[in-house]
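Both complexes shown next keep chain A, but they swap its partner, so chain B is in the first and chain C is in the second.
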Partner chain A sequence: MGEKYLLTKDNLTAWISQLQQHGRLIAPVMRADELRYDYADGAREVVLGQHNTRRSAKWVFFPQHEVLLRYGKRLDDYSQITDTVIDNTPQVLLGVTPCDARSFVMLDRIFGQGTCQDPYYCARRANTLVIACACAHPTSTCFCNAFGSGPADSTGADVLLYPVDGDYVVELVSDAGKQIGLDWHLPLANEAAIERAEAITAAAAERLQPIELTAGIEQDLAGLFESGLWREVAEKCIACGTCTYNCPECHCFNIVDSELASGGARLRGWDACMFPQFTAQASGYNPRPDQASRWRQRVMHKFSYLPANVGLFGCVGCGRCIVSCPVRLDIRQVLQRVHQEALTRAAAAPGKEG
Partner chain B sequence: MNALPDNVKQAIAGWLQSGEIELFIGYEASSLPLQATPAFVRKAEDLDRLIWDATCENNLVSFLKQFRGKKVGLMVKGCDARALVGLMREGQLVRDNLRIVGVCCLGVVDAKRVAAAAGQAVEELDGRVTGTDVLTADQHLALSSVMHATCAACRHHNPEIYDILIGEPVADADDDPFDDIRAVEALGSAERWARFEHELSKCNLCFACRNVCPFCYCNTCFADKTMPRWFTATAEPKDIQFYQIIRTFHLAGRCVGCNACSRACPQGVDLRTMLDKLRLDVWELYQDDAGVNPQGHPPLTTYREDDDNSFVL
Partner chain C sequence: MSERSCGQLCHNPYLPLPMLIMRIADEVDDRTIKSFDLAFKNVNDADQFTYTPGQFCELSIFGQGEAPFGIASSPVETGFLRFTVKQAGVVTSKLHSLKEGDSIGIRGPLGNTFPLELMHGKNIVVIGGGFAFTTLRSLIITLLDQRADYGDITVVYGARTPGLLMYKNDLNAWEQRGDIKVVQTIDVAAPGWERQVGFVPAVVEQTAPSAANTVGIICGPPVMIRFTLPVMTKLGFGSEQIYTSLENRMKCGIGKCGRCNVGRKYVCLDGPVFSMAQLAELPAEY
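Up next, the complex of A and B:
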């Protein structure tokens, strides 16, 4: 942990203007009666330090839909591909919660690393400075602590702000953060401010309900592919996409060609494992024919396949899926059911003692 | 939070044990305050989980799509029962297959309104309901002040059909249920369009509105068809508006105004105004109300020589 600096409330507006010099500002703002991450005109609009927005910030790097390329009237003539849109605009993403910042690390594993890197994602990610704000207001649906995280987790952030009674203690986390932080010429934070900042996030951590969801979950799930519990879990699911859309980690997409008389565009847009059409094949066969198999996929993907494949859970515990579900299907309860079911099976398995 | 009355539990237990139904769909407490969650019960001993109070906002009729031809029991509020009636008129349900616990309803809580009154996040509320009172940690709110906007427009508090009833029938107001819709009609077209654009700018195309609608029972929705593809689900306003307009028009003469869609919408889009405008038009043109008579036919599937044709150019 390096030096910490102080940003006073009096300097906040000027500091945000400085950020706007650096890049296009995206921050929590009120739009159509909703607090959400959106392009912000300036400090006047920015709402810092609130509890989680209803929708996550993943769209900043992975938009709900985007044009991958445009083409002329003939799809089979590659000379007519007119425009490949890579957005290199510098951006500042200000005021994300630590759980949102943490989610970017997982998205990086999917889109930004390894042999198959996504140029659209990588361009946005490389050009965006992430300034997270430590969480002073966890709510009853927050469970980041189940993933070893907490209100002052700086993972995935370039800069972390600690709210201190209207002022902020500023921690420069990444190399990019340290570099730009020099331009701000902020004074060092005194010990009292740092102690107060730590006390506030410690109090926030205290408010998180102790919850054990992830210990051994991969082993638990290993034996449950054919379990009847998925049918019970999924029975009330209405198969809408809210949980996946609002999830900072869900990253499945569909690619379609949208054709107009003038030519066409190849679009990529969010898709969701909760939708029956997600796995529908051209033959008419659907390997996930019911909501039970879709819920199994949702849980297996987040808590078994992703840990096995990229070493990270597909969940940061932000609780958005719980709050926004039209039938209040709670993923924490599903994971607890999974664990119970695994225990029941282990107890009933022949050849086991005690 | 109220457990079901003993006589109701006994009736449901009897239906389950005799095989009259294989499943009963009711409500139980969820992990969130002031919001119940649908519960599926197959054994009489599980009936103690079930509750009925003003937190039971979902329309359980929506789930019958999953149980076609099965014998199912369920709880219905006045609005939900209208959906049953409408579906019977469309030949989608057989009354004999259903066992219905009707509830007389004074409205269901909109937890977001309570949260706004309390200055807290919905999930942080320390709230409970007793009768028509909504109690939070330090406030005592009248249900009428924090119920869903859809409930304020309700003139059907009592179920049209049921086998057993919970509560005493409530007097329905005799006034015009469409007065706020007429107020929107009276606006200029620019203002109406601005309002429409504003509301739909909240929509994120999650399709919860369609999926909870009892009347959205097409095997494959137009929005999901790929051969031909009518619709591309981008988040652009034109696509969102296209989807919502087509869905709304598909419900003309069929929507019973249960407003399950508006209550399910995680983005708080006011879908009721659009749907009730259509219900008002159908009433004025054909004097038809979809949720009243299980016999007969929806007005847009029939023809009479004296049908209004003033809109024909």
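Up next, the complex of A and C:
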């Protein structure tokens, strides 16, 4: 725990104005009756400390669609780049939930590490200060606790706010957070405020249903590639892809060209493993021919391949896929089903104890 | 932004390098497969681009998109990069409509390579079928350039008809050499064809290359591979001695877009070249 400061409700507006001096403000705001992360005009628009948004904040670094480059048009030349679009605008992402802030750490390992860095993602990430707000309102679909996380997890945040009856206790988490925190000249929080902040997040943690989902899940999944459970799971799925679009960790994308009269743009847009075309080859062959194999990919990717490849799950337990699924598929039930299936198999395996 | 570490790509891995189409040649008699010899438009790009047989590039045609293709030229052939492309989808159809002198883009080289270090000092058996001979051409020309570094080299290449065998000039030139055994075969007898007739698995069995101290490379239609592998097993090849190249659908080519994985491995990063022993550890998702 770093030092903690107090931001009173009287100073909130001025503080947010200060943030706007630092960079373009993105925060939870009401748009068309929906709480969502969007560009905010100022303090009066910002809605802090509420329940989770329906859509995640991943678009701030990895937009739903973006221009990678623009090209010129000549009948004999299909190689002329006229512009590349790297966005270095300083930004402040204010009021994300701890689960959203934590999701950025896994995305960093995809886009920021490996053989090549992704310059579009990395530019936005490097120029954005992340100020998370501890979660006082977990809902029945939240399961961050299944990952050892909780309502006051500061992972992935530069600064963490604890809501305290309209005021905020401010914890400066990262070096970038500590640096900018110097400019705010906030008074140190007193013991009473800190205790109250901890009590509020502790009460929020109490409201999360106790849940065991991830212990041994990689081993459980290891033997289940050919299992019939994927067919059962996928039976109701209508392949709409909403789970992946609203997921803070899903990062699969497509690249397409968009033609204009004068030239065009090469665009990147979110794609999803739940769509048949995702892996369909030009010959017509598709190595994932049915929705069962696509569900298996979604679960395996999040809970087996990503832990093996980058050391983190591709899930933070935000519950958005559960809330948004039109046919009420629940990833928690699927993981429990996986665990049961693994237990059943272990029991049935000859020569094994228990 | 921080510097990336990969050798060949420019600072932004999504930006294609501009290439001039120097030469276009039909490879098969139905004209659905053409070779495109490309030259770098920027000297700097040419200097920085080094590759090894087995690697691929994303060919980019602005307005149509990108598609991945194995590099069919060998690093020992300087001055051009060759890609042999079958007309199938949007990008390949556009490519087939282009003329010599037009320009397109490439991103790469991408992916891993054939195991040249492992192959050093060993006998080599190359088995190909139909259109899947592009990176095999690159490999064979590279092996022949350093001929003394390898033992016996045997090539079995099959297609449905004589007209569908690609790289005829290369094949015929190799046949003239005494230091490589080339077996060309077609599925059913055709007038004027005096070489082998029969499917690749049967011809491999007949040719019977020794498995001792040998590395086998096999690329072709899935059905050809499926029936050739048991033959190789019978000849004594272990799964760690046989390599193939996978072709899952790709977009980014740098392990980010999440499309081409087979289990936890990405074909674009960990492949496209895998040994049969490696594939045995992975789910059959290709």
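Observations on the model:
Going forward, the second predicted complex is superposed on the first by the 347 of 354 C-alpha atoms of A that agree within 3 Å, B and C clash if a C-alpha of one lies under 4 Å from a C-alpha of the other, contacts with A are read in each partner's own complex, and residues count from 1 in each chain.
Just so it is clear, a residue touches a chain if its C-beta (ideal position, glycine included) is under 8 Å from a C-beta of that chain, and two chains touch if they have at least 3 such contacts.
Model, not experiment: these values are computed from the prediction.
Once chain A of one complex is fitted onto chain A of the other, the partner contacts of A:V256 extend to both chain B and chain C. In the superposed model, A:V85 lies in contact with neither chain B nor chain C.
By the touch criterion stated above, A:M30 is placed in contact with neither chain B nor chain C.
Once chain A of one complex is fitted onto chain A of the other, the partner contacts of A:I238 are limited to chain B, with no touch recorded for chain C. With both structures placed on the common chain, the touch criterion links A:A346 to neither chain B nor chain C.
Touch counts on chain A: comparing chain C and chain B, the chain ahead is C. Contacts of A:A14 after superposition on the shared chain: neither chain B nor chain C is touched. In the superposition on chain A, A:A203 contacts neither chain B nor chain C. In the superposition on chain A, A:F111 contacts chain C only, with no contact to chain B.
Overlap of the chain B and chain C interfaces on chain A: residues 256.
Interface residues of chain A facing chain B in the complex, by the touch rule stated above, are 31-34, 51, 54-55, 63-65, 137, 139-141, 232, 235-236, 238-242, 245-246, 256, 258, 267, 269, 275-277, 319, 322-330, 332-333. Listed in rising order, the residues of chain C touching chain A in the complex are 1-2, 4-6, 9, 11-19, 41, 60-67, 88-89, 92, 94, 98-99, 101-105, 247-249, 251-252, 254-259, 261-264, 269, 283, 285-286. For chain B in complex with chain A, the residues that touch the partner chain are 30-32, 35-40, 58, 62-63, 121-124, 198, 201-202, 204-208, 211-212, 224, 226, 229, 232-236, 263-268.
Residue ranges of chain A in contact with chain C, taken from their complex: 68-69, 71-73, 76-81, 84, 86, 110-111, 114-120, 122-123, 126, 225, 251-257, 259, 263-264, 266, 268, 271, 273, 278-283, 287-288, 293, 297, 300-301, 304-305, 308-309.
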